[in-house]
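Next come two complexes, and both contain chain A; in the first it sits with chain B, in the second with chain C.
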Partner chain A sequence: MPEYLKKPVNKSSYMKIGIYPGCSLTGSSRDYNESVFALAEAFNIELVQIPDWNCCGATAAHNLNKDLSLALPARILALAEKHGLDEIVVPCAACYSRLVVTQNELKKDPELKNRISEVIEMDYRGTSRISNVIEWIDKYIIPELDGKIVNQFNHKVACYYGCLLVRPNKVLNYDRAEDPQTMDIVMSKLGASPVDYPYKTECCGAGFSVSRTDIVSKLSGKIIEDAEHRGAEAIVVACPMCHSNLDMRRSDINKYWKTEYKIPVIFVTQAIGLAIGLPAKKVGLKRHFVEVKIS
Partner chain B sequence: MSHTEHHTERNSLAYTIEKNVEVRAQKCYQCGKCSAGCPVADEMDLPPSMVMRLLQTELAENDDKILRSHSIWLCVTCEMCLSRCPYEIDIPSMMDFLRQKSRSEKKVNKKARNIIAFHKSFLNSIRFTGRLYELGLIIDYKRQSLNMTQDVSLAPRMISRGKLHFIPDMIKDKAHIARIFKKTSK
Partner chain C sequence: MARIGVFVCHCGENISATVDCGKVKDAIGDLKHVAFSTEYKYMCSDPGQTLIKDAIKEHNLTGVVVSACSPRMHEPTFRKACAEGGLNPYLCEMANLREHCSWVHDKNELTTEKAIDIVRTQVEKVKLNSSLQPIRVPVTKTSLVIGGGIAGIQSALDIANTGHKVVMVERSPSIGGHMSQLSETFPTLDCSQCILTPRMVEVAQHPNITLYTYAEVESVEGFIGNFKVKIRKKAKSLDEKACTGCGLCTTKCPQKKIPNEFEQGMGMRPAIYVPFPQAVPNRPVIDREHCTYYIKGKCKICEIVCPTKAIRFDQPDEILELEIGAIVVATGFDIKHADFFPEYGYGKYKDVIDGLQFERLASASGPTAGVIKRPSDGEIPKNIVFIACAGSRDPAKGIAYCSKICCMYTAKHAMLYKHKVHEGKAHVFYMDIRSGGKNYDEFVRRAIEEDYVNYIRGRVSTVYERDGKLIVKGVDTLLGAQPVEIVADMVVLATAGVANSGAEDLAQKLHVSYDSHKFFAEAHPKLKPVETNTAGIFLAGACQNPKDIPDAVSQASGAAVKVAALFSQSELTREPLVAVVNRMAPPLYSTCVACGMCKPVCPYQAIELEEFKNREGKVVKKAAKINEGLCQGCGTCVAICRSKSIDLYGYSNDQVYAEVVALLNEY
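Right, the complex of A and B next:
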């Protein structure tokens, strides 16, 4: 283990930031959660969970009930405000999109904001600064990275952003909608070589994982096929839904396409963890379905 | 750019959409970028550009066709269509509206049964615990969809990796979530 990790941490130098983990990070994407918290620890950042946070409602809520799809994220944001967490990192790209979209909808329509405030029986100001995981990395990890890299991540990688990290583009206002670059830049700083990758923002099938596994297998298979074709040794992701579709659904994908794709899928936070010398287990790499042989 | 203002018929679906989600179907000039970029267009009975065209006709039979389509449920809300539309027509928000209207008018396409069963199971799970309980979701979905054999091999592999919990992760103020569900149910 590198020297700086053994040193006792000076608590006063901790930076305190709110985190909305979302449901997947407590269950099927525990690996992602472990890597986010391991990085926070290594970089002296205290991540405070929004007390008593609830599910954002995800695809189900906005497909079936618009008011519910706004009220659930509004409760989360109101709780953050109440507890003085004005900056929140949201590692799940889908939750991130729901929170930002809600904040935007309530900002442009004061009447709707009042109605939703009444539904959640809480004051809602809409003042939270919401970051996705790459923005959080850019702000707090990258400036402190110098001298901490002990294992250059010398691998060809395909950076896969998926849908909800960059879309709806005009609302999220983050990176470009076509051929985004932020994750590629982070990976380059670790020593990786990102390949040109036209599937960067194609959809993996998202919430159809259970109800239409055939669609997920078809779409995710194309994303994997192209990454392999371009010689990538790993697909790097920043979304638990993308990860579970590309990793946990791999046997369904290989069955659908009659292939034997073995390319591992890692979270960007796991790649940083490996580069600064954190053990594979600590960043959750032992929980993957597709074995991760690179280090 | 100047337009001759087209007034939609008050009883048309296009009019209702305009009033509820501020989407003007008349803006669409059929460039087809939405359908070209849509990841599920090849599964759809009506690809997104076709939905737009049918809305423009403002014919009751076409409106009905849209509300009864499989497409509105196959839309996975990847937001690609909106991102590439030269007029920035918010098709994803329109699809959300159409799904809710299709349900309230009891016009849901039979092929969408499993997709809706999954969404309902998902909401049922958070209604009672505040957070998604993945194991409960799978069991409830199996009950609703009668897909008993699907994913039976996945669960043990998730459990061995610590990815599936037997006990739900519940929030403290469950009553608050229950009230939010109650107030938002029509």
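Right, the complex of A and C next:
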């Protein structure tokens, strides 16, 4: 078992954890949000939204102004600290990356930390533990999974990690940058058989989702093609951006490649939800563009 | 009354660029007891040394301070000059103005002041120096060669041919090393085994060479000319004298599924085995880790079939204690394997192999009898990709250095493939082609121009499997960073050469330095590439850094000459900078109270307790005694001695105290 999976497991049955939803979970990826909260409820975890949260800066801020790109996530983290949320889960991979990168930058440079504290006019200590959704599942869901699985998830799946979940590897220190494994392991525990999938961390087109759909169609098309080719019945993701490129842009992709790909794209949280018997609607499966026929 | 001479060196501009040497000379010249002070551009040059010699005579000097570079660099030079000038060499001290001052500071007043302080400490010290005589020690004229690859073989044969004894220790069951695994060698494409095996036999038969295979160095003590080495002869579970090497046991052993190390895991071997048919010695050993008898307590088939009853299941390891005068370290290298490369599948694809595995595939004695068959299904690959610099020159992988041999062996591999599979296509991804060496670049051009190997300048980002083919994605940087995708049947990684396993452990046993990659460190990168910083221990071959065969052999012969030169003397002289316990007339004998605290702290086991007896033979006093042959002058005993009875020649308490006081006092 890789080192990064040997984290201590917290067994206590009731948990209060902060959650930073970011823009996508309240908008285009409400299905992801619903499945995360449905899981939390099923496993007796209270997710507390960080009060008065703001934009993480996403891809825009760090292209324009470094201080701004650090100040936005720093304010979110400072708010979490203020409200006593020592641990926060960040389901969106882009938000996760911004928050961890900011925490790391400010830890390295105390002077910068003081300056950013002044900018946000708040105390910032940098003490919060930031988890992505797979770390959160690993820590709180997997150990409690025994006896809860009612529908073995007997499907071949392609686990697609995208870029932001594992990179930059030196900063995130999470899973291995080439051929990551954590999501494959989670899916195996549900009964699924992950395929050997070389497109795990290939680019989906990311932020070009809005401005250059042709690029997204080209890149995401390759990711889908390989998953279909290997006989996967679903692509499993943990990032709203990946999801919208592979799911929402499917008609563009099929038009670009002159194909009729029908493979559904589901969030890892939705897969767990189905396995423990939550209704499809409750985990947001009815909101997909590509119909999800598996259960 | 001390008369000290001070000689300030400019070291070209190395010192004078940041230190005002004239000012140093003047300031020191004003000190009490300094009879003469001067400066010169190159003090180590012939005129510089003459300056010192003349000044000793002219000013009747009682001590000399040369203010120049590190004593590690030129202390012997200046001590010799002093001796030639008529002064005891140990009355000469060096003040290190270069490494300790000019190289590490900017040019300003403070730098010059620091330089003056450094010289002052040495002036104070040298006033207390005493004349010392070098210690003479005998030389044991037997050398130890660690490692039986081509470098070790060459060294051993060269030393043995000068008439001196050699003990060769090899940890695997046969000598031959990596060279015995190679198919053909660049740049001539002659068969590796054919040129190596006669040498291996020569080692085994040479009257001056004692060969211990399946043996490892257990411990090394002592010093140049007088090492005491313990060797562990691992149990071969075999009476080597009784065994005739008929090989019946190896064919009858029921355990046949052990990955063969010699074949790089591409073939299987039994538990009792000879690593390869040309092995020297050609006698089997039992691999106790995998032998059914040692695991389950039953089997003994080899014992039953052996016609000469040579199997010895209860044979213990044997420890040999040897007296050795010089050591040649020739422990070789290893390579990174495919599992080191996440982007190429962490070794999970059977048809992504490393260079040594390809050597075995191409070798007539290999698992496929020289037919290039891919490991997964035995098909002959039609499209083969070679990836050079897999790991090497890649700081992200922690290996910033060039492994030196890969460009050449990749060209060789591609060529061998094309010679065996005429219709096949060979592609090589490379960063640069580094083919410096006699007839080397011509060899690479031959691969490109005559064998039509497709060289693509660029890195490979990923290799993955799809429908039984390997998809190699890379870039062609000569075509404007155009992406390249090759559908290959087999991929060969020219993986980085790395230090051999156990190198760090051995270096610590030998007390020699090693670099951050665990390669053994030479004493000087240019002028002492064969020596280590421990006298009497020399390096040969790829244990120092990856090397090709000609380089390894040249260095091995170099090491042999160093050993022969050492053995040409009947006695060695040693620096007399050793610890000494004070002695005085009876009834005191010594201020030492024989508490024995110094004994356990001595890292060289140089201290024992001496007894003083009266006329009746009764022990009246005990005191510590230091064996000056073993003492390395580290001073640990001086520090721990509670009664201040031990002192160090050349670095006495008084001398060190004088240095410190000199720094504390304004001048």
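Note that in this section the second predicted complex is superposed on the first by the 282 of 295 C-alpha atoms of A that agree within 3 Å, B and C clash if a C-alpha of one lies under 4 Å from a C-alpha of the other, contacts with A are read in each partner's own complex, and residues count from 1 in each chain.
Everything below uses one rule, namely that a contact is a pair of C-beta atoms (placed from the backbone, for glycine too) under 8 Å apart; a residue touches a chain by one contact, two chains touch by 3 or more.
Keep in mind the model is a prediction, meaning the values are calculated, not measured.
Novice: So, does A:R30 touch the first partner chain B, the second partner chain C, both, or neither?
Specialist: So A:R30 only meets chain B here.
Novice: Which partner chains sit in contact with A:R75 here, chain B, chain C, both or neither? Use first/second/both/neither.
Specialist: Touch status of A:R75: first partner only.
Novice: Which partner does A:A177 contact after superposing on A: first (chain B), second (chain C), both, neither?
Specialist: Both chain B and chain C are touched by A:A177.
Novice: When the two structures are overlaid on chain A, which partner does A:A192 contact: first (chain B), second (chain C), both, or neither?
Specialist: So A:A192 meets neither chain B nor chain C here.
Novice: Can A:L106 be said to touch chain B (first), chain C (second), both, or neither?
Specialist: In the superposition, A:L106 touches no partner, neither chain B nor chain C.
Novice: See if chain A has more residues touched by chain B or by chain C, and give me that chain.
Specialist: Residues of chain A touched, chain B against chain C: more for B.
Novice: After lining up the shared chain so the two structures overlap, which partner does A:V89 touch, if you call chain B first and chain C second: first, second, both or neither?
Specialist: In the superposition, A:V89 contacts neither chain B nor chain C.
Novice: Residues of chain A that sit at the chain B interface in one complex and at the chain C interface in the other, please.
Specialist: Comparing the two interfaces on chain A, one with chain B and one with chain C, the shared residues are 177-178.
Novice: Going by the contact rule set out above, which residues of chain A touch chain B in the complex?
Specialist: 23-24, 26-30, 52-55, 57-69, 71-72, 75, 119-121, 163-164, 167-170, 177-178, 201-203, 205-208, 210-213, 215, 219, 248, 286-289
Novice: Which residues of chain B touch chain A in their complex?
Specialist: The contact residues of chain B facing chain A are 39-40, 43, 74, 76-80, 82-83, 88, 92, 96-97, 99-100, 103, 114-120, 122-123, 126, 130-132, 134, 137-138, 141, 145, 150-151, 154, 157-158, 161-165, 169, 171-173, 176-177, 179-181, 183-186.
Novice: If you look only at chain A, which of its residues touch chain C in the complex?
Specialist: Residues of chain A touching chain C: 176-179, 196, 198, 226, 229-230.
Novice: Contact residues on chain C for chain A in the complex?
Specialist: Against chain A, chain C makes touches at 342-343, 345-346, 348, 462, 464-466, 471.
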